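The following pair of complexes shares a single chain, chain A, combined with chain B in the former and chain C in the latter.
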Partner chain A sequence: MDWNWDFTWEILPELLEGLRTTVIATLCGYVIALVLGLVWTLLRRSPSRILNQTVRWVTEFIRSTPLIPQLFFVFYVLPSWGLTIGPLTAGIITLGIHYSTYTAEVYRAGIADVPKGQWEACTAINLPRSRVWLDVILPQAIRRVIPTLGNYLIAMFKDSPMLLVINVSEVLLVAYQEGGRTYQYLEPITVVGVLFVVVSVISSILVRRLERRYATT
Partner chain B sequence: MSTVLDSYEQWLDGAWVTVQLTVYGCALALVLALAFGLAGTSRRWWVRVLNRIYVEFFRGTATLVLLYWFFYALPLVGLKITSPMTTAVLALGLNVGAYGAEVVRGSINAVPRAQYEATVALNFTPFQRMRRVLLPQAFALMLPPFGNLVIELMKGTAIVYTIGMVDLTKVSKNIQGFSGETVAPFLAVLVLYFVIAQVLQLFIRYAEWRVDRMLGRRPSREPSVSTVAAGAPGAGVSG
Partner chain C sequence: MPPPDTTAGSPTPEESGGASTGEGVSTQKSDVAKGGATKGVAATELPRGAAPGIRFEKVVKRFGHNVVLRELDFTVGPGERVTLIGPSGSGKTTILRLLMTLEKLDDGLIWIGDETLWHMKRGDKRVPANQKHLHEMRKQVGMVFQQFNLFPNMNVLRNLTEGPVRVLGLSKDEAVERARGLLDMVGLADKIDAHPSQLSGGQQQRVAIARALAMQPKVLLLDEVTSALDPELVVGVQDLLRDIARQSDLTLLCVTHEMTFARDISDRVLMFDQGQIVEEGPPDQIFGEPSEQRTRDFLQAVLAT
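== the complex of A and B ==
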């Protein structure tokens, strides 16, 4: 079978429309992941043993189970509890929660990496707890982990095609439907593959630039 | 709940498919990771270019896109892979192998330079240098990120649901389909995946303990920024 360029140009606008959905899902999910991840990290540091162990196991559970069954869970179970949400919203929420357990780990490593002297200095000058976190520890910790957080954005982008299992019309589902309509799978799926490689490689270059910019050593 | 328990045979079959995919996928990924990782440390530029092409390409594509391409597009250009299992193992192995190759390359480069210089001073052959000095030390560095990759690969096996293989995810969806229940089957499948992940964790911990003892090191507890970064699905070990 030969590559059909006319067909490729014909489906390209629709694929780009699908890519837009993919990017929206990734970015919205990423915002949830960044905020919720920090919440997990801070809760894990709480002095209450029950609270921090619960958070530890909940995040461990979410992190070590696959995204697809989690998508099913959110998409099919929440309506039966009376909360009806669309596929895209369900996808964004699941993606965000799933990756928040990764970003939590990243923040944790970043906080552990802040030199002990910084904590001691805070105690020595008697800073209030809120200022210790907001003005001393977090700015240093987050600066260290910005490149790693960037990598997770790329990872989320690459996991977002899985949203097709709950019928989010993201780029791969669009390609698959185009293929099904015309019985020509080669062009649409190859184009999607190329789009992914292009976006990933460009974003890896950007992350590498971030790494150099925020290098601590 | 009872429907979920009654169909335990389906669950077992599904779990078996998931475990098989994980094991074969890991085997393929390990081979590719070592081959291309070592290629990345080569002195010849064209061997290093080979490593870059493999890593950037397979790390750049999403596993699901790769699987779809192998499953739907590849037969059209004349390359027909007969079993879905092989297709899935190829997609998973090639993808995770690319991350693994970065881990291998990064770990070998992270072995202190003096070790390399010592082997040159002692007139080791390149093979001896790798086999006796660099790899054993690099191996200890590789294990924690490899452990993360194994779990990632296990989680990745859920994508075979989309090409109609009956793995754990598909079983849960089937049960939801004929019983109409939602909470029980989807909770059950998540718990089963969690159990598999914890068992894999145990193996990884044991391997780490063995390697640390072999090198006379103490296992490190808290993961540092670099180990967390190395396990990131979008990342490699820098340096």
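== the complex of A and C ==
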């Protein structure tokens, strides 16, 4: 099998368009995962047992089931209950919720790492609960976990091709369809691999830079 | 540094010290003589006015099956400065932490002035305090920790203004002015923009002292505040605290192993062992001619190190 450069250039624009969708899905999903993960963590610390135990088991369940059945559930099962959403939206929401159960663990570890003395100093100056969290605990906890959270962005990016199972036109699905149309799979699939490497390397460099910036102080 | 001013803007104890209701400890100023003016500390920055006394009444504190305080009774007079000494594990820290509400009380009453810290009045009964009551009571109490516990995500200025702005409701400008005054007093005016990690242990502890004072507490708790410091930094912090103790009307509870410092700073020394007061008296007596064998043993052990 010979590599066909003409074919490569012909399909590249479409693949890049697919990559754009992949990146958008990852970034939007990531924002959801960051926000929702924090919500889970805080709810798990709620004094209400019903609330914190419910959140605990729901997140545990989501974390220990694979992403693909969850995608099917959101895209195919929810509409039968009257909740219809497009494939991309469904993909983003599922990806975000799935990964929020991981970021929740990351936040939890970060909060546990804040020394007990910080809480005690807050009590000693009589700081109200909301301020303890917003001004003292979360800034320190989040700073500690920024590198870990960054790694989850890369992990999500690598998981995002699974969105093809609900027909999101992300880069792998585009490549697969091109291959099916022309019976030439080598070029599209290889280009996808290269594109993933390029984006992953760039994001790794950015994450590393964040890491260095927040490791000090 | 502004000249020491011992009177301006501060009510005399006679004006502000409300009449005691007869319950608890009087809020009237005790007759304990305060030392004369010292150089260094600008007294305007220090909390002035009547400080409440403290009384422990049959206080019980357990950790699991370990009964640390067993019906402990003791009183600290308004404005009195008391040092707690005793072997490690004798419950000194626990006493301060109960006063700062960092540990929960198991039984008994802790009075601050004529109110109970851990209970509120409901009719003629006393019920466990709610968060609001604890919040109100804590306003009178400040604490300085062995490990400083400055907020590392804030610069020095923000460490000092956070409480005054968020808790006392001072305006930003008022809080900054207060912070500047206190930093002047602790000799760190030039570190106002520094982060805690850029400061030495001694400097961090000075900032921590200023942070506690910025809340203008009436009762100040010091738990081995120099024991985490390099030896050459200890004296500076002790000198500062000595000046603060002399020039303020604070009720002071201090845990320390430094006998010279304890002698300088306190009106009275309480010797603890296993959660009980073994012996108490003026520093000269306790350190000079202790009457209990356990005190003598303890002092000998401390001097030996």
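Rule of thumb we're sticking to: the second predicted complex is superposed on the first by the 215 of 217 C-alpha atoms of A that agree within 3 Å, B and C clash if a C-alpha of one lies under 4 Å from a C-alpha of the other, contacts with A are read in each partner's own complex, and residues count from 1 in each chain.
The working rule: a contact is a pair of C-beta atoms (placed from the backbone, for glycine too) under 8 Å apart; a residue touches a chain by one contact, two chains touch by 3 or more.
This structure is a prediction, so every number in the text was calculated from the model and none was measured.
In the superposition on chain A, A:I85 makes contact with neither chain B nor chain C.
With both structures placed on the common chain, the touch criterion links A:Y176 to chain B but leaves chain C unconnected. By the touch criterion defined above, A:I146 reaches neither chain B nor chain C.
In the overlay built on the shared chain, the residue A:V136 is in contact with chain C alone; chain B does not reach it.
When the two structures are aligned on the shared chain, A:L43 is found in touch with neither chain B nor chain C.
In the overlay built on the shared chain, the residue A:L210 is in contact with neither chain B nor chain C.
Chain A has more of its residues touched by B than by the other of chain B and chain C.
Listing the residues of chain A that touch chain C in their complex gives 115, 117-118, 120-121, 123-128, 131, 135-136, 139-140, 143, 217. Within the complex formed with chain A, the chain B residues making contact are 56-57, 59-66, 68-69, 72-73, 76-78, 151, 154-159, 161-162, 168-169, 172-173, 176, 182-183, 186-187, 189-190, 193-194, 197-198, 201, 222-225, 227-229, 232-235, 238. Considering their complex, residues 100-102, 135, 138-139, 141-143, 145, 147, 149-154, 162-163, 166-167, 195, 197, 211-212, 215 of chain C touch chain A. Chain A contributes residues 1, 61, 64-70, 72-73, 76-77, 80, 102, 105-106, 109-110, 112-113, 144-145, 147-148, 150-155, 157-162, 164-165, 172, 175-176, 179, 184-186, 189-190, 192-193, 196-197, 200-201, 204, 207, 211 to its touches with chain B in the complex.
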